[in-house]
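The next part holds the structures, each set out as structure tokens.
The same chain A turns up in both complexes below, where it pairs with chain B and then with chain C.
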Partner chain A sequence: MEANSVIGTINKKGQKIVDPEYLFFEAPRQQHFMTGSEVVREAIRRASVDISVAYPITPQSEAAAMVGDLYVEGYVGDYFRGESEFAVMSQCAGASFGGARVFTTTSGPGTLRAYENFPMWAGSRLPILINVMVRGINSPLNIQPDTLELGMILDTGMLIWHAETAQELLDYLLKGYIVAEEPDVHLPIAIVIDGFFVSHTKDMVMIPSADIALPPYNPYRSPVPCMDMEVPPVRMMRDPFVMKSNYISYATHASWQQEIRAAIERSRKHTIRLIGGLIEEENSDAEILIVSSGTAVAQGREAIRLLAEEGIRVGIVKVKTLRPFPHEEIRQATKNAKLIFVPEFNVVGWMAREIKAVIPDNHRVIDGPHVAGGMTMPPEVIVEEIKKVLAGKKEVVHG
Partner chain B sequence: MGKEKIKICDEFYDIMPPEYRELVDSATYGKEGRGWKDVGIAKELIEEHSLCAGCPESIAFRYVMACLPNPEDTVMVGSTGCTSLVFPHVAVHNIHSLFGNQNAVASGLKRALAYRFPGKVKDVVVLAGDGATVDIGLDMTLQSWFRQEKFLTICFDNELYANTGGQESGLMQKGFVSKMAPAGKKFDKVRLPEIAEESGCHYVATLTVSKPNRVEKAIRQGILIAREVGPTYIQLYTPCILEIGKQAMEGLQEMRDSEGPNERFAFKEYISEEAKAYLASLEKEKKPAAIPSQA
Partner chain C sequence: MRKRVNIRMSGLGGQGVVTSAHVLATAASKEGKHAISNPFFGAEKRMAPAESYVRIAGERIYDRGELVYPDVIMVFHPQVITLGKCYTMPFYSGIKAGGILMINSDEPLPLSNDDLGFLDKMNVPIFYVPATTLAVEIAGTELATNMSMLGALMGATKIVAMEAMEAALQDRFGKKYVASGGTATLDEAIKKKFAKKEQLLAKNMDTIRRGFDLGVAWAETIKTPMLV
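And then the complex of A and B:
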């Protein structure tokens, strides 16, 4: 209710606060040709962000620096460089505990250094939005894209949306706040893109005017108290949960963890409405399907075109949200498929594992092809993989 | 401001937990000059605690809570350790997030509060053990001082990791034999008070909690200077009687023994020139008010 009352007002920067639905679906948009990093800047310009903390790591440094420019211009309330990603995520936590809308970005080794904070964010119901621009995490040193880090944050309790294009990046950043801040969700959200492939390439993006912005965050719609002393303080608990022998401690902790997972599931209804479903399908009645997320999907589409030229019909299922994972949607979309290929930008195949875990007859899933450590995924590699399996030359790995 | 924030609706008075009623009836919200003497009359802001019997951290906690100049607008940030067992009983908003990141959390929190409530005093106070402050969290402790973040950091220095059973810490004395330092600690007690001074703190104090007046003054100065001038640091010796093998009643003597003029907890205080000027301006403000006939 309170959020509605600000609609139509003008913020410090002279932007008109508009209904999110208007910003997302009705406001006129203009076409721009820009990099993914610039798209981050344009999304944050319209996101009424109170605080952003930054730390450099390729490939997200550029976007993080541009958010600093927005602070100087007056679009972001406060901004500073923390001392490490662990500290940055802790600073973001403090700001969010204090009732601010928070934005940060990270990549690869930064994501892992920050890791301990993610389940803490989720457990504390902090709706922080983090833009993860994936990159290699392993030794030998590598600054190229690799989605291995994503497989590792799947179960931290965050919402995770994987954007394929710069356009999706813009929309997901703005829509992500609205879903993450819903009282029945109220969880952190990672908006993921494949580093370099999206962050450093230029793309056509339709952007609404810069003189409108999202309503600010209302921390009093949170399911947990906002730590600002504006609501009566109470003695929080009488019995610290760390007393492990205590049955109450066990029951509270276990049910709280379930509640976080339940909140992820409750985000579906908001997400489906705002981003038009958790998956996207093209010709999913085909016997051969490609299922993946991020730019692997873009490469899959090109492979499909090449295969069609040879008379092989292949469909595609794009997974837009990794958390919540669209299990029922994927089950339905793959029900007629005989072979399900899962191209991935990592060596372990976590997406294939996720899919195998939710569909019947999962021997249909071909775990691959994989590229890792920054190699692009030539569509020909996907074509070759599919043809090899079709010709019976490659042993199908049974799930 | 003050008690109206915590007032209980008449109809609900009898069913409210007794500790909440006590908070409303006898806590010192909104009272000028609240201090350690309120401990004992009112339970103040801690109902009970789960520290070992006689642990000096428990009385230190009570003094700190009783001496907050502005509890109705103070948020505490803690860390994992023995103190995290007390925070659940504390009646001001408090955050326990992880081990060692308290000064980073406080940085974000203080900035959020400053941004959201530009016209209002909102104090942030960090309170953590020596392991959290000086070892695992040292970079975040120091960097918050370098950045001149406006909050007080209090370290409960019990010279070891108590909560995990007595391991070596950076503030442990050289030569002390403990778990994970089986042949005795190899390096000196980290000189964090001096480092704090060098790192930009405007008020630094080292003391034990054997003299409540002194603790009260230090806490008040630490908070007031942090509010207006910049970061402040207080290191309180709160010996872990359990891990050094003392009886419940021996904590006070242990503190007295270690605060002699040449001992490691001899009272020391550093106040920057800026902070001195600020304290003097506070004194000046007070004086005319004390002589109402002139007003």
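And then the complex of A and C:
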């Protein structure tokens, strides 16, 4: 810790500011049975958040409302409702430019309405944490989970971590701030959960005491000056410089976008340490693997149990971070697999595309099963897909 | 003894199917079992179809989302069947062999011979529970329909003990609970009906106990009761 450390001091709510490592790995935890929305409240209670802006859209409305309660209780510095999702994300940007630690939530159509802001956040190196609770976005109207919106935010320049359970949601929300605010990263981060399947599901969670909290954000660790975009090293906004069509403005723009991608890669070392690797493996020496993220993995775990009862051995590779994407880890984990199934809660199969792009012999990848529009994915559907391919009844579509 | 019990609750908005699922899962969790509950609904409005799911097991449960293959189906309102106010058609879709179908109705519904034949073939008995009648009689409000349904389930299957249920209700109604707009409004309405929270809890427990007795009596009439 640097000089003038706040560790050990007491905040206005009487919480002791502790070293993040202590909060994450050493502090005693108690068992609670609660919904994902309640878990968001408990994470933010311990996250020393300065500002949260909210706009209601199912399924994130409950969590957003609970953060409002935290404001009333004094755990969050400021809280208000924006005029729309676009306004919310712009207001979050303003708060972050001003040096605040910012939290917000979004879902489905709200995410798309807010979209323009995400690459702007990344380009401006704003370490905003946004909890994306995915839901259907296309017509016909649907409020159930569908990860189509994730495929769309993959290349905004944000860090993206996809939690499978309420426990991961809690841990990722807190750890996400620490990684996003590292000076060599300093990017926005999306902590993603599947709406309803995590947000509205009651599950067991281990939570540290409410009387400790993360150190507040220190804006002076930012690699770019706060609220001053016209001086070096960035000089992003000066009109003649940015707007004039000349080689140097193109070069600056291109190199800056590369710098954002490089910052995503630099987040690896911090992320691996805090969340224990970018992937998680179970029986990954099996010839048949399921590779996916979020609750598609949870359903995959049930499927491998069912298959094990029939003597079919299947392993799982869970992708915890979508950005950075664990290229090398996936290459290694899948090197002996003959068939790689990628179950997804969307119709387009963006996860299968990502995996095919990074592994050799990618004809091994079976793009599916897919469910969309909020349909659940019963483990039996995954089992059926695997057995169909094994029996040669289903043509493997090479991508 | 089943390794895992999957329960699908099918009702109408405002009847408390989401609350019942959360309370039941909390009770199971208080007994040291593994449980997961989650809801499925459309627009939050009264009388719109609403479903919720509870999964209970002795080992870690990963499965979540809409419950396609239930062991127990609880129908909280006859209109789920008679008017097809149901996300899952027919209402018994996916029921596992040897499961139970519980329906809130004072008398048997005019189910088709096809439906009855299917249920018979699957060895799924129907348990008609006069849940709303009991709720009005004991708690003085139809909003306690979910409590008589839970009690009847507990009596018929012994899925959770009364003490665990009492502790779960204390969790849900005994302290401040933040819920979405619709649920919060209903909570307020019901709290006004019972001046005090304690009274609300006591009435809920009374309703559950009466449902429980009905469940026990019903299970005795069944050849192979599904005890869990």
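Just so it is clear, the second predicted complex is superposed on the first by the 378 of 399 C-alpha atoms of A that agree within 3 Å, B and C clash if a C-alpha of one lies under 4 Å from a C-alpha of the other, contacts with A are read in each partner's own complex, and residues count from 1 in each chain.
Throughout what follows, a contact is a pair of C-beta atoms (placed from the backbone, for glycine too) under 8 Å apart; a residue touches a chain by one contact, two chains touch by 3 or more.
Computed from a predicted structure; not experimentally measured.
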First, second, both or neither for A:N117, with chain B first and chain C second: first
Contacts of A:D78 with chain B and chain C, given as first, second, both or neither: first
Which of chain B and chain C A:Q332 touches, first, second, both or neither: neither
Partner chain(s) touched by A:N362 [first = chain B, second = chain C, both, neither]: neither
Partner chain(s) touched by A:Q257 [first = chain B, second = chain C, both, neither]: neither
Partner chain(s) touched by A:E380 [first = chain B, second = chain C, both, neither]: second
Chain B versus chain C as contact partner of A:Q167, first or second or both or neither: neither
First, second, both or neither for A:Q91, with chain B first and chain C second: first
Footprint overlap on chain A, where chain B in one structure and chain C in the other make contact: none
Of chain C, residues touching chain A in the complex: 22, 25-26, 29-30, 34-40, 42, 44, 62-69, 178-180
For the chain A and chain C complex, residues of the former touching the latter: 33, 35, 38, 41, 58, 61-62, 65-66, 69, 143-145, 196-198, 200-204, 295, 298-299, 301-302, 375-380
Complex contact set, residues of chain B against chain A: 5-6, 17, 19-20, 23, 47-48, 50, 72-75, 77, 84-85, 87-95, 97-98, 101, 104-117, 122, 139-140, 143, 147
Complex interface listing, chain A residues touching chain B: 50-51, 53, 77-78, 80, 82-84, 86-88, 90-100, 102, 116-117, 120, 124, 225, 227-229, 232-243
